[in-house]
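Heads up, the next two complexes both have subunit A, just with different partners, subunit B and then subunit C.
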Partner chain A sequence: MELKRTIKFEADRDPEFVRWISHTVGGERIRHCLQCGLCSGKCPLSLYMDYTPRRLMHLSREGFKEEVLGSSSIWLCTACYACMVHCPKSINVTHLLYALKQRAIEEKRYPRRFAIPVMARQFSDMVRGSGRITESWLIVKVFLRTSIWRLFGMSGLGLKLLRTGRMPLKRERVQRRAEIEKLLDSVAATRKELAI
Partner chain B sequence: MKYAYYPGCSLRGTGRAYEESLLAAFRLLDVEVEEIDDWNCCGATTYMSVDELTSYALASRNLALAERDHSEIIAPCAACYLVLNKTQHYIRDYPDIKLVVNRALDTIGLKYRDKVKVRHPLDVLLNDVGPEAIAAKVKVPLNGLKIAPYYGCQIVRPYSTFDDQGDPTSMERLLEACGAKTVRYPLKTTCCGGSQKGTLPEVGLDLIHYLLSEAQKNGAEVITTVCPLCQFNLESFQKEAGERHRQTAVPVLYFSQLLALALGAPADTIGLQRGFVPIRPVFAKKEIAYA
Partner chain C sequence: MPEISQLSGPEAVRVGFYVCHCGTNIAGTVDVKALAGYAASLPRVAVSREYKYMCSDPGQALIEQDIADHKLNRVVVASCSPLLHEATFRRALGRAGLNPFLLQMVNIREHVSWVHLDKKAATEKAQDLVRAAVQRVALHKPLQKRRVDINPSVLVVGGGIAGIHAALTLAEAGKQVYLVEREPTIGGHMAMFDKTFPTLDCAACILTPKMTAVGSHPNIKLWTYSEVVKVDGYVGNYKAQVKHKPRYVIDDLCIGCQECIAACVYKEGKTPDEFNLGLSMRKPIYLPFPQAVPQKVVIDRDTCIEFKSGKCKKTCVEACGDRLAIDFKQKETFDEIEIGAIILATGFKTFAPERNPYCGYGRYPNVYTSLEVERLINASGPTAGEVILRDGKKPASVGIIHCIGSRDANTNRWCSKVCCMYSLKLAHLIKEHTGAEVFNFYIDMRTPGKGYEEFYDRLLDEGVHFVRGRVAEVSDWAVHPSEEGKLVIRAEDTLAGFVRRIPVDMVVLSVGLEPQSDAQDVRRLFNISCASEGWFLERHPKLAPVSTFTEGVYIAGACQGPKDIPDSVAQAGAAAAEALALIDAKSVELEPYTASILEEECSGCKSCISLCPYQAIAFIEEKKKAYINEVLCKGCGTCVAGCPSGSIKQNFFEDEEIFEEIEGVLAYA
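This part shows the complex of A and B:
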């Protein structure tokens, strides 16, 4: 029998996390949250979440980093912005969810072979290399790195897309690809210089 | 006025029918567009989750390229439309982001002056062309075809620039001008799950099914979309979602396909052959005599 403490202690809080979340772009207003729950009510995914957006807002600003970054909600958010447009205190909830997702990816807090961070990485690599996304290649690359058997399961769909001309075999590319690399390198350099 | 046109990656892949039909409709309505020279991926929702700052720089290259010759951009893809709009807002609101973007553009000889307006085709068709002008040019009336207008999330949220965020009606007004009828569709701005069908399939399939069954229950003969990912999700996974719940068979078209068809564009030039759920029997039943 595994016994777990069900009450959170003051000492579980992480002040660094509080500072970070309230200074991240879009997070400035998190302390204004009224806990009204409109975000959770409007969220089409909240019924699958361990912590609903309302609870996530509160846990975040109080510094319960472990609970927040380990939450399934981060990965369930589809960025549909329903929470954000209905927030009576104009809190950028969607943007905060993005920030949490980035942080969880940075700290590698996700299951092995989890598709979302793999997809994000493959997507950004393809943009660096080609400047544009060829959807079919992206999907193949993601499934090769997550679950090959699902790729076979999708071969029927692939054939249908191919037959209807919706899966071009030629890859989409930007002509002046050097510009994309320069752009990306410049962002990395400025970020390092200004530590943002 | 000539608009800058930003197709985005999906309209060259799974969403080809969107581009084909939209450009056909624009030609028939004398809306002039010019593709942005050497445009790049906007970063979409995915890039934002790994590196937001970089995604603003990527999007701003397109804005800066368009600004050289145009004052307005048409962005048909929902994700592109949102990202370009969001980038403009964040460059205005956050000096750090502005600095990063300006420096990055400087290295490739571009400058962003915040002089270009990002617009959705629904907005342009409704407010610049107008439903009366469209109705006057209809050659193939849609004979009361019953449509569930599905907007998805990113056209109306978070920046409501031309329509209501909870109950938009621009698609209804355009398609009714072509002789269609629209059914009540309260889920019209509820999320389809985006890329979740690929990453967390059970959840994605549930969301897809609710949208389909609601449309069918309300008597829709076709669902119209404005987003390549919504269209792809609702159409391609209909059977799979049905296996988890109850089977549905609703054709899912881009609004522009019906618009172009009504304006007289031949069916094989607007991507009707690219759909997975057959639409022609529905047209036959409604006696729509398309070209």
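This part shows the complex of A and C:
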């Protein structure tokens, strides 16, 4: 049995993270959380999470950034909004999980070969480059960066989809792609300006 | 407008000005020395002082001394809200031989120091307010308070435990009490309970002696199946109209033998029994429960065949025989009563759990509300005290879910206060009756109260499970063989840190407390206020918890907010004591802020008559002028503002006084 020190010191908390969380979209009411656990109970994915959404709420507002950004939970959220609709304190839990995902990507704190963040990254890169998603290429790219063996495993299904025309290989693109890029840059600049 | 100089004829106006530090409450934000210096520079101010606590005895003595030494005839005190200390300073003026109404207060605490941060700006604002008061006070006139006699009887509305206790207390003190209850029996929610926490004494055993005492007390006029429909008058002299709904049974002739119920053409009850919350059926002629007070049956005209078709054999009338107590032609009747004080004890309603669809109420037959389970456990309930499911089986496991409808922004934000304790009680009783495994799902366990925490400790010892987490869902969807045929409760066990699924046979929803659905109508009827949630508003949450902003109207029990039995009884006692203090004074002083008609200017247009909310204005036909009854006038000022010819004036709020005050505020230094 391996023993680990679990005690936390005040120095382990990150006050900057607390300030950020309470000003970011979704974090406005996080101090109202009464830790009832309704979000975790409602969450269809909480059965796989290392920290339930409720624990993320508390860890976030107390500033335990390492635990929060290193948690698998933020990548498991499918944005079904069940937690947010039912929260008895009207906390925007789903928005907050989005914010945590973005922060983790910005800080490059995500599991390298974990499909969900890779997918998010490839998705946004493809939108930036083409203005549209081509599902066949997106899937291939994600598998190449996560698990190439699963790509072979799924090839049967892929070929069927290709044959029936459900997943065309032709890359879809919009015209005036430079404008899409400008639009996304402007969003990023505004975010930086507002420091959110 | 008369010039102030005109007033300084034979008797020159000499104002004394006093500013209170209120510790640092005021002095921390307002420069009190500068304020006193500023006031000294204002015309007609003879003395200007600052003092640490003006309301203290030395502070008051200071004013009294100055009135004598400096021949002051007006006083301005800049301190807290007049709600708190106007009476204090008026008494000080009175002791010094000055008419108390020659005082004006400036609220520089609530209106200035508590709401501003910038000391300089706050001081300037205080100066403006002081200038207005000094200008206004010069026009104050001596006024006399009026005294009116008090009617020594009391109306108590609501016959739950609070109303019963208040009525009995007053009746014991020898006062005539009218107790009005809209249901056919008194007893309220408490009569439905089985045991009471934390001592587990039987609710009926402690309540019914009080109920019968009410029914037989010579000083209590008990009117059940009745409602107050109209209230007029003012403190000490209210008039109320009470409507008696027809029971179709003559009160004085019915002896409560219940032979009519047995004889009813319905062999079995077909109507859901209100007292058992629909868990059993009753006949159209019924007694709500065995210990009902009064022991008079009632006929429900919606289900009685005689009312529906007129072709019933009327076996009930036969059974009643020559007592002749049944009267199908009974009509509603009215009584007019005169009372000095009113106690409202109209109680609460429980949260309707259909509003939280995820807890399965109404969808799964074995999901019950806590009140329904009270009836199941109760020996006089639908199952004679057996806790059984709808199919007659005993549950082997029971989940009690706290906070249904409470502590939730989607329904009610407040904590209903009693649910934790009654859930513990139900857990104990269910375990005692069935031996089932009991799970309590709670957010926070709230057991403040004498013996309450000890009761929680006892439950822990009894092996009841406590899962800290708000339940997300109750469903019959089994994902594991052990869940087949059960109700599955899904919740995060927040202390363990993971989600759990717990299969049970029976779910109990600990529903919260809500204001009665007609609380708004009742508060309008009695002219009191409600807080935003709909609970009746007390005059002060700590220091006047049973008084309202309407003099002579008191509140007790859960109509003011969620409350358990001990608190309701304590409040009922307090309300009775307040009512006694009022009526035993025999007479009451009324503020002299009444309005009066300037007859020479009144055109007789009658506009004011319909405006008056207190029916205080009459029209004198001979003179073709309006007339205001001083005793009925509450000084609201509506008629003064509404009079098209400006021929109504109100004491203490005369046009000149108000204009002078406005000019004072606007005359920036």
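FYI, the second predicted complex is superposed on the first by the 180 of 196 C-alpha atoms of A that agree within 3 Å, B and C clash if a C-alpha of one lies under 4 Å from a C-alpha of the other, contacts with A are read in each partner's own complex, and residues count from 1 in each chain.
Going forward, a contact is a pair of C-beta atoms (placed from the backbone, for glycine too) under 8 Å apart; a residue touches a chain by one contact, two chains touch by 3 or more.
No experiment lies behind these values; they were computed from the predicted model shown.
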Subunit B versus subunit C as contact partner of A:35, first or second or both or neither: second
Contacts of A:187 with subunit B and subunit C, given as first, second, both or neither: first
First, second, both or neither for A:52, with subunit B first and subunit C second: second
First (subunit B), second (subunit C), both or neither touched by A:64: neither
Residue contacts with subunit A in the superposition, subunit B compared against subunit C: B
Touched partner set for A:160, first subunit B, second subunit C, both or neither: first
Subunit B versus subunit C as contact partner of A:110, first or second or both or neither: neither
Touched partner set for A:90, first subunit B, second subunit C, both or neither: second
Contacts of A:17 with subunit B and subunit C, given as first, second, both or neither: neither
Footprint overlap on subunit A, where subunit B in one structure and subunit C in the other make contact: none
For the subunit A and subunit B complex, residues of the former touching the latter: 25, 44-45, 48, 75-76, 78-82, 84-85, 94, 98, 101-102, 105, 115-117, 119-121, 123-124, 127, 131-136, 139, 142, 157, 160-161, 164-168, 172, 174-176, 179-180, 182-188, 190-191, 194, 196
Parts of subunit A lying in touch with subunit C, wherever the complex brings them together: 34-38, 40-43, 46-47, 51-52, 54-55, 86-90
Contact set on subunit C toward subunit A in their complex: 358, 403, 407-410, 443-444, 468-473, 490-494, 497-499
Residues of subunit B touching subunit A in the complex: 9-10, 12-17, 38-41, 43-54, 57-58, 61, 90, 94, 96-97, 99-100, 103-108, 152-154, 157-158, 160, 165, 189-191, 193-196, 198-200, 203, 207, 236, 273-276
